[in-house]
């Protein structure tokens, strides 16, 4: 598919402080890309640069094969959804949605038709005559989404659009946005600091940290093969430990636990490298009889309904979080119990560039 | 304190332009090219006076006759402010042609070079009770004296001359005087035993010593003439220095006020022509109408003031004539406007300081 | 903007309400005294009037110079309010929405006519306009009033602009509106209450201004306050009471109408 | 910058240049001298009047704040429509000529005025409260004139405060008084300061009200400026006094900017 957005070494600095280090990114048409990262990581800066509300210090922005670096925001043919909805309080819902179309001087009949179509897409055709302040937060955001897509902009920017909503609404709207994206094949650049949102909705996640792109990958890959300690720590729960490399693909975790055939391990023997193991990849057994296991002791048991999290501590003092599906027979896990841990070599993810990106 | 009188003759438009700096000059020059409302050569005459019913009466009698006779239009304006006059002459941007002002103001303006010399070949000075001056001609006189409320202070209970006004034992009550030295010094000297005919040159030290005695009994030093009557009718003051014309106007309104016609201080009111007036000759002719006996009488019959020409008295209504301060009476003081023009500023500063302490 | 607040947060204490209502009464009191005076008779101020009549109103309407100066005042006030709204509004927009060097100093300069005593400004302007031959012209008067009104407009408009959500303007821009489109379709409609308020304020300041007008106005451009003030040498015409009452009632009517209309939207 | 240009042009042409001319005049114009300033420094009248002006301005401004803040606070709490109506009430005095207002105040404050008559009737007291033709009368008249300016300045800053902080404080258990003094008042300080500044300067410049309602000691510096402008025609003296007045207001401004960490109006940053 065609390339919709391309960033070439785009940079933003305010005096001495660099808000965004030189960044490259390419978004294909119809793709849903999420900028994920903690606050201050540069994701909003990046969004504003693409939107045209701030000018880059260096680099180029291409939209649909056109260099728009010098093009003002109003000629970039973009759509945008804001966290605080940014609906015009002095206009009705219909006028709000019609706004981009009236700017484009579309015929009145067409405007009326397109507005109704957009409102139907977000299931709110009945509020057309109301003022935004008479609607709930979720309804307002739906209107804002309708307004952003009614004129088929080449790219829709969404700046934490669900940040102000409660959990239930958020999940419902996540689903709706995803559906709209699939139905209308819109290209979306979505900003959030919520990892679940990013994982649920995106084709690709672009993880940002301290003004840099940490890793760009589809959600699955981002979750299972994080490239850096930051990526591993930011998405989901992870156990990051340091292990000694013993040979090609071989590591030693504890005195009685060594693994070989770890994928993507490039460090030379003798080095100590960080690796990640997801809590659900760890097998747990009571006692310490088995061969090739890590011996540990249960510190804490957290019952979460369908799953149970256990915090265990090895003889070397390393803590692991272990996640297990709750079964009635497991009810016996208790603090102080001796346990043995094990996991497969294929679940061990070397970090910090140990794996090729 | 020094005055600027001697220097006032000198400044020219060019001086001012230089003073205002290059920028101001440029703007001034620019604006000078724009059309203004400057009065044309043979255009109407602008006549400025103190406004109100006095000017209304003059308009109906003297000015109306002038317009009927000559066919020259006269535009009345109000507020003959010396500052405005000075600025007009200094900048050459004349608005006024004929100015009606009282007493020392006229002389001060003449000395400051703001007025044309009176053309006494046009203006007839015969039979004047009040001497004509170089820059202005007297056309009526007004008497100042004691005002009171006859309901509160019937015959024998109110002062009838300045010695009695000063006598707070015999005539207890709140006094009201003006907040300026003019007339106050004359009163104070007469209260101290100086004969009305021997007032000038005023013995300023003696006058202030006399004023010291009345100071604690003056409940208000009045800023505006209208207040001299309103404070009396509102019972804020018992005895006040006011003018016969004001008291009579109030009486016509049915107010309970009375006036003492003895021991009055009579001051002249003058007309003058603006220096450099483009309608100089027509303006002088208007001034000559102000000195016509029958027109003066017509005006004074309305307002109750005294005409400046003795020959006008023959045309006065009997009741108006009966209320004229007798200029021949040795108890009547006639303000020496020349003395005030000479000493006014220094005495005023001293008076204001005296008021503050 | 709808605010959701509980009752207890919004109702000021009894003491505050008492002082506030005393304050309103204090502000209103002179007008309440002037109103009955306006139905008096005769040529002097009188309170309470001995008899009631419409004489003063009749006199006001039958005397062309009263009506003319009222019209001049309204005209000058409207023009200088419009002018100061335009340039003051633009300045406020520039100050709030843009960053540039020397902004702070420039802002203080733009607001400084507020900081200079009017008598000083009056004298300065009179001399200056005399040089420029602009005394006595209507446009000169309008410019002078605009100088005095602009700072008030800037201050109120800045406060109003700060309350307008920047995102609304950004949203409109991204949807394709030019800066002019954003201004006319979004910013100005949102600022309507502020524009109304600062316009009214500017109008009133100009309408009430006497010191500068006294100097700068001419024979044909006498404003109402100047007409009142320039006759004070001998008398204060009680017609003033009628004028003041008339204006008070008129303005009250207009303002209440505006308030009612505002709610209708 | 281009948005500011029209205002800048107007003010430079019709404000800054005239003002510079006044300064130029005060130093003797085309024949430079410090004569007028020397006179101001030595003549006791001017010193006394300067002190008077500052005193009267400070007291009037203080009273205006004490009365104006509760009004602004009350207005802020009203629903929009009611607020509009009450704001019209605050603007009412503008429509009445200052001359008529001064007359009305003599009717209200005089010895046999409305208030004294009422007090005599209500309390049976003999005599009267002296409220007119003294400093009290001046302060009342000035406060009446200044009040709308204070109310609107303070109201503007109260309206920009969101309800969130108050609600948060309320939840944390703060009483109404604590919320006011710890949150609302400190946050409204920019408005209060701006209001004080405007009122101080306006009251320093007033001359009609003190002349009509004041006693013999209530001469203000503006009265003297007017006197020299209109009576003695000594414009160099008037200009010198005006420059002194400017200097005093300048000191006010700097003082207030100090208090507020370099912000004069709290708007320029």
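Here the chain labels run A, B, C and D in written order, and each chain numbers its own residues starting at 1.
Just so it is clear, contacts are C-beta pairs under 8 Å (C-beta built on N, C-alpha and C of every residue); 3 or more make two chains touch, one makes a residue touch a chain.
Being a predicted model, the structure only gives us computed values, none of them experimental.
Looking at chain B and chain D, the chains in contact with each of them are C.
Measuring from the averaged C-alpha position of chain A to that of chain D gives a distance of 58 Å.
Chain A and chain B have Cα centroids lying 89 Å from one another. Chain B and chain C have Cα centroids lying 36 Å from one another.
Note: centroid distance chain C to chain D, computed from Cα atoms, is 17 Å. Looking at chain B, one finds that residues 20, 24, 27, 81, 83, 224, 230, 234 touch two or more other chains.
Contact of a single residue of chain A with at least two other chains is seen at no position. Across the assembly, chain D contributes 17-18, 21, 25, 103, 107, 229, 235 as residues in contact with two or more other chains. Pairwise chain contacts in this structure: A-C, B-C, B-D, C-D. Per the touch definition, chain C reaches chain A in the complex via residues 1-2, 165, 167-168, 170-178, 181, 185-186, 189-190, 192. Remark: chain B residues 1-4, 7-8, 11, 15, 18-21, 23-24, 27, 81-83, 86, 108, 112, 179, 218-221, 223-224, 227, 230-231, 234-236, 344-345, 348-349, 352-353, 355-357 touch chain D in the complex.
Put simply, chain D touches chain B in their complex at residues 12-13, 17-18, 20-21, 24-25, 29-31, 35, 39, 43-45, 48-49, 52, 103, 106-107, 110-113, 132-133, 211-212, 215-217, 219, 224, 227, 229-237. Of all residues in chain B, only 13, 16-17, 20, 24-25, 27-28, 30-32, 34, 36-38, 46, 48, 50-54, 75, 77-79, 81, 83-84, 87-88, 90-91, 93, 95-96, 224-226, 229-230, 233-234, 245-246, 249-250, 252-255 touch chain C in the complex they form.
Those residues of chain C lying in contact with chain D across their complex are 3-6, 8-13, 16-17, 19-24, 26-31, 33-34, 37, 45, 47, 86-88, 90-91, 93-95, 98, 100, 103-104, 106-121, 123-125, 127-128, 143-144, 146-147, 150, 154-156, 158-159, 162-163, 197, 200-201, 204-205, 207-208, 210, 224-225, 228-229, 232, 236, 240-241, 243-244, 247-248, 251-252, 255-256, 258-259, 262-263.
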